Amino acid sequence: MLTPARLRQLWVCLALGVLAAVVTGPGGDSAHPFRALRRSVVDPRIGIFIGLAVGLWVLLIAVARLRPLLAEVTAAARARRPVAAALGGPHATTGLNAVLLAAAIVAPLLVSTAAQQSMVNDIGIYALLALGLNVVVGYAGLLDLGYIAFFAIGAYVTAYFSSSSAMPWHAPFVINPFFVFPIALLIAALAGVILGAPTLRLRGDYLAIVTLGFGEIIQLLANNSDEVTNGSRGVFGVPHLSVDLPGIHYRWGIDPLPYYYLLLGIVVVVMIAFGRLERSRIGRAWAAIREDEIAAEATGVPTLRMKLLAFAIGASVSGFAGVLLATKQFFNPQSFSLQSSFLVVAIVIFGGMGSRLGAVTGAVVLQGLAFYLRDKVPPTDRYIYFGAVIVVMMIFRPQGLVPSRRRRREIELAGTTAGASDQLGAAPIGRTIT
Amino acid sequence: MARRKLLGAVALAGVVALTAAACGSDDGSSSDGKKTITIGFQGVLSGDNQQLGINALYGVETAVAEANANANLPFKIRLVQSDDAGSPDQGPTAAQKLIDNSGILAVVGPMFSGATKASEPLYSQAGLLSVSPSATNPALTTLGFKTFYRVIAPDTVQGTADADYIAAVLKAKKVFSLDDKSDYGTGLSAALEKELKARGATVVHDGINPTKNYTSEATKIIAENPDVLFYSGYYAELALLSKALHDKGFKGVTVSGDGSLDAKYVEQAGAAAAEGTYLTCPCSDANSDPNAAAFVESYKKINGGARPGTYSGEAYDATNALIEVFKNLGDNLSRESVAEAFGKVNYQGVTKLVKFQPNGEVEGANDFIYRVKNGQIVVLGNTVDLIKS
Amino acid sequence: MPPRGRASRKGHRMSAVAAAGPADAGVPGGTPSDLVLEARDLTLRFGGVTSLDGVSLRQRRGEILAVIGPNGAGKTSLFNCFTGAYRPQQGSVTFWRTSRRPARIVGRSPHAITHLGIARTFQNIRLFPALSALENVQIGTEVRQRYGSLSAVLGLPGARRQERAGVSRAFELLDLVGLSRRAHDLASSLSHGEQRRLEIARALGTGPRLLLLDEPAAGTNPAEKRALEALIRRIAGGGVSVLLIEHDMRLVMSVATTVVVLNFGRVIAHGTPAQVQRDPAVVEAYLGVETGVDAGGEVR
Amino acid sequence: MGFADQFWQLTVDGLMVGSLYAVIALGYTLVYGVLQLINFAHSEVFMLGAFGGLFAARGLLPGGATPSGPASVGLVAAGLAVGAACGAAAAFILERVAYRPLRRRSAPRLAYLISAIGASLFAVNLAGKEFGRQNVPVPDLFTNGTLFHVFGAQVSTQTVVVLGAAVVMLVLLDRLVARTRLGQGIRAVAQDADTAVLMGVNVERVIILTFVIGGLLAGAGGFLYAMTFNASYNMGFVPGVKAFTAAVLGGIGNVRGAMLGGILLGLVESYGGYVFQASYKDVIAFLVLVGILMVRPSGLLGVRLGRAA
């Protein structure tokens, strides 16, 4: 009964229980480093956690016993109703999309205004950013750790063009923020090309650090140039978006709901657009680069140009999102920290690389989790739980919540053939071919 | 195997979520028939600067606990906290959370100027009073926020007074002004440098983002050989800077603003490195002010032995000023009446007299000078008096 | 040569095997326009190792040229010089897409060379394993398409038309290599021999005038070898010159019109299969095994 | 007062910090060499090592008086040892919890990255909860002062201790990788994991030991860092990014490259912060990185651990 493996499992469960006790226990300070530990472990409360740990262990054993039975049942069910037929049809996909869209439309009406704020600031904008980064990371397989820099560029460009008071440095004319969208998009894409052209020749990891450096540089420049960007004092007073056409006058205000629907519309359009891109020759070329860059090059795919294209497209979406941020509210260089870049990467991977729905789902789940934890745990401890969830998720579902089909196959293949294609996409551009 | 592990993880996550939920949902409603007034706290409770938020939160909690222990008060206070991580991105969500809670009559916070700028439009729209214990950006009271007050003087007041003191009393000819490139630091150094230049002193300016490594910065400062080094930033960085300067044998005088007025400064820099540093504040420091001894005692008692830190006193005063208003209003309590009445409050706090100008600036803020002597921060007095004598 | 855009479109429509027309048929005789590829004095060194040492060779239009030689003789290095993967220290490579326009190869990037009309396969198969067979070939057929990201996003008619054309071309090629029934299977799920053929189809998709095959018969069974032989002939018959590296002498001797033998990075023999087979230097190179060359098996 | 006057002082300052970057960078480079992954949680290993060393030093030195002579040496050594042990333990646990399960499932490389970011968030904030969010000074373990001058630059006891300890560690590691059986194993796995298995190298063991060695170095480095710059729960992030940069600068996967990169980065920061406004020093550091990568795309000492480019 008590095999060594089982015993080991028990220890792991107990360790997890104690860890949970420590995480939920009282905080301490450096003067008494182990006081907090002692208080959370030497406390009647620990009984609950030990109990839960043992319970978990028993449950694991029970499940292990029941598993063959369970497998039979599911196999039988699967045999009766082919999953592929049930879920794979185009009608089913359209239906699913319609349901998701309807849910996205209704959802904000069911929650508090604070949650709506979060749905705009944390989920909506980050979903858009994640969709853009997904092109870079998911489609082209390039790791960009300074993605947020283009977001900053978009935001500052908006301040430059649409307000004469928000920053010390501004355009000689003021234009409606709506017209800034194309400008920001182009400038961000241009920045992407300028950064990408020399660096995309580098290997994947080097690209990561160069982009990280670029992100840092942009943030530091924004923070240091007081006479240009207003430095750390930030940008206040960019006008809200407004439509001023004959017959239609509408102004977005500080209420989050109109911004939410605007964002939803944009996200849907971007998703459709990227879906078409993915299924076009360009999307296939990216897939080829990801899977075998040398073969792609030999098949005539201009790999550098395609990567640059992905970089520019990703950057332009980020710049676009920057316009939305700037018109919605006050921002300062803090909004463009390295941590924000990491967060976007985390959303893309967590949601499922290469999957548009995954990017959005990642934003909803991760940022939603952050919002949920806001009330449930002490704010100072919030990121402990957040970190734990990310690790657990990566252990049990490294392909992400909603992996794209192509990406999932790549991961499966990488699992079967040792050392197969580099999942970062950036196979070393060696001169050693064959 | 994998599935078993997955189940385990799910179960554990469930357990954590449940206990967390259980911990989070006890909202101590009073049982002795007194009515409960809810106030909010918005501040930086996560991220790199969370200690400043905790200082302020503890100050608020001290005031709340004292009020709830006071049998003479006809009400109990309940506190709802909302974390904005000090960032403008999370400001609106944090503010909205408090606004959504219709029971909340007033808010202490936001704390950082950036988060304040992002949050105040919402408070203004909702007509909810917010009293910041720490946002010192001068522009905040000029942006048209209707329900914004702060119990701390803007950087301009402090910077100017500090410059006067440095020029008149320390007789500095050359000042090295270093700021931490934060909203607070650049505001303070700008005001200081303007006044110093007006008084004819040579000013060398430099900015350095908060870091741990001030070694080469110390070399740079010593190379300039200034009479006074003024650091506009927070104590954690000043401590490291002082340490580095001390190691390299800096001969000049170090002065810093209210962000550095914290007993932790001496502890972290080491008594030797901190010795002789001047610290200034448009407030009196609770830890060294005899009048605030009672506050320090009750703060320690309520917060598990922690000593008041930067912004603890201001947050405590802001909360007590709110309680004063609640007391005066009696049964006529609403967001409007509280916001209305708060403008006329006149309350002697531990850091200063809480009384406001029409724009929400606290009146008659005095600038006080402190100095580290024998490892203790002692008050030297009011800038105006010190310059006169 | 017409402007590049037109040439590309034309190339796509009538490229490869299907374009068996006389359009590019070289003028007979010894003029350079008869050539498709010429390498002169190629020298390639890695550190202290000389991989190619003054190699020169010429390939005529429609010719099936086989490069043979013991392992390490520099065959694959030669291929890599032709496709832009390596840059030789000395020498030049000239390629004639049409009879009149020579193009220098050295210094161009691999994809640009593919665009000019040289396609290749790899010794150790390099497909895109997680894509379907069809998609693999599509990537090849699409490199000559011109529509950009914006037209793709907007779904403009031109883009759709080109995409459809790419698919039907890919199907033709799959049919050619006998894989049309497996079009929607993952490349990684195909058998070894099928993967070899798929790689050839992908290369043909790019519309080459010259196809470089790096040991196409390696790891295939006798039946597959026979099919491969036929396939190579059909490709060459369709107007695509074939440059072949192969260890299987039976295959080489039966399909090649000309054979070049490399050893230690030098050309040691050059001629028809029959000539080469008799060349004493070649026999010597193959470890002095006199029967080695015509033994029919793989020579190691 | 010009740059030339302060050149040697800035060099000494830069060398001290740079040697610490080098020590941390080795952890990145070793793990990268073996697993081809960027261990983003390495900065937390560094932080936990710093706390371990700090508590040990504090525990052994209950009184307020600053010790001297052999007592100082002993205390610094004890702090280093405990710091290194804590770092190694943290790295070991990290590998077990955040990496190994992913390896078993042959997860994509980016999943490791995210797992590392998650583990990093978890560790940082748990440390903040348990140890408080204040900077904590390490008690004085020796009397710090100017020991001697080099070209007019002051060299403090602190600098000598840090630089000395760092150099000893760097040399030891270099010997280890170059000379020992374990080093051979590491190089073999770095070169070709599949072949290494065939050659009888226990890859799992090599991977764990690589993490542990990286942890030992980072932990000891953390203690040295805390001795100079105080310890805090979030102390790891910035030196972590810098050290990673240094590793890339030197050619990631290359042990000596990491050392060179770290020292170079420390110097560049020191000089750059002096010549320009100090807040631009990170900008300068990254610009140098980008510049060098443009010229030498595989870093200064380009080749990976034994692997041909």
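By letter and in written order, the chains are A, B, C and D; residue numbering begins at 1 in each of them.
Heads up, the rule we're going with is that contacts are C-beta pairs under 8 Å (C-beta built on N, C-alpha and C of every residue); 3 or more make two chains touch, one makes a residue touch a chain.
All of these numbers come straight from a predicted model, not from anything done at the bench.
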item	value
Core chain by centroid distance, with centroids computed from Cα atoms only	A
Chain whose average C-alpha position is farthest from chain A's own	C
Comparison of B-D and A-B (more C-beta pairs in contact)	A-B
Chain A and chain B, separation of their C-alpha mean positions in angstrom	34
Centre distance in Å when chain B and chain D are each reduced to the mean of their C-alpha atoms	35
Approximate Å spacing (C-alpha centroids) for the pair chain A, chain C	43
Mean-CA-position distance for chain C and chain B (Å)	73
Chain B: positions in contact with at least two other chains	2, 5, 50, 54, 181, 207, 209
Junction residues of chain A, two or more chains touched	23, 29, 220, 223-224, 380, 382-383, 388-389, 395, 410, 431
Overlap residues in chain D, where contacts from two or more other chains coincide	101, 105, 128, 133-134, 136, 277, 279, 282
Touch relationships between chains, expressed as pairs	A-B, A-C, A-D, B-D
Chain A-facing residues of chain B, complex	2-9, 11-13, 15-17, 19-21, 23-24, 45-46, 50, 54, 81-83, 86-94, 96-97, 99-100, 113-114, 117-118, 121-122, 125, 137, 139, 143, 181-183, 185-187, 207, 209, 306
Chain B-touching residues of chain A, taken from the complex the two chains share	13, 16, 20, 23-24, 29, 48-49, 52, 56, 59-60, 63-64, 67, 112-114, 116-118, 121-122, 220, 223-224, 226, 231-234, 236-237, 254, 256, 329-332, 334-335, 371, 373-380, 382-383, 385, 388-389, 392, 395-396
Touching residues on chain B, where the partner in the complex is chain D	2, 5, 48, 50-51, 54, 178, 181, 206-209, 211-213, 215-217, 219-220, 223-225, 236, 239-240, 243, 247-249, 264, 267-270
Chain A-facing residues of chain C, complex	76, 80, 83, 85-86, 109-112, 114-115, 119-120, 122-124, 126-131, 135, 138-140, 142-145, 147-149, 152-153, 155, 159, 162-163, 166, 186, 188, 202-203, 205-206, 214
Residues of chain D that touch chain B when the two form their complex	1, 5-6, 9-10, 13-14, 16-17, 101, 105, 128, 133-137, 140, 144-146, 154, 156, 158, 225, 228-230, 232, 234-235, 238-239, 269-270, 273-274, 277-279, 281-282
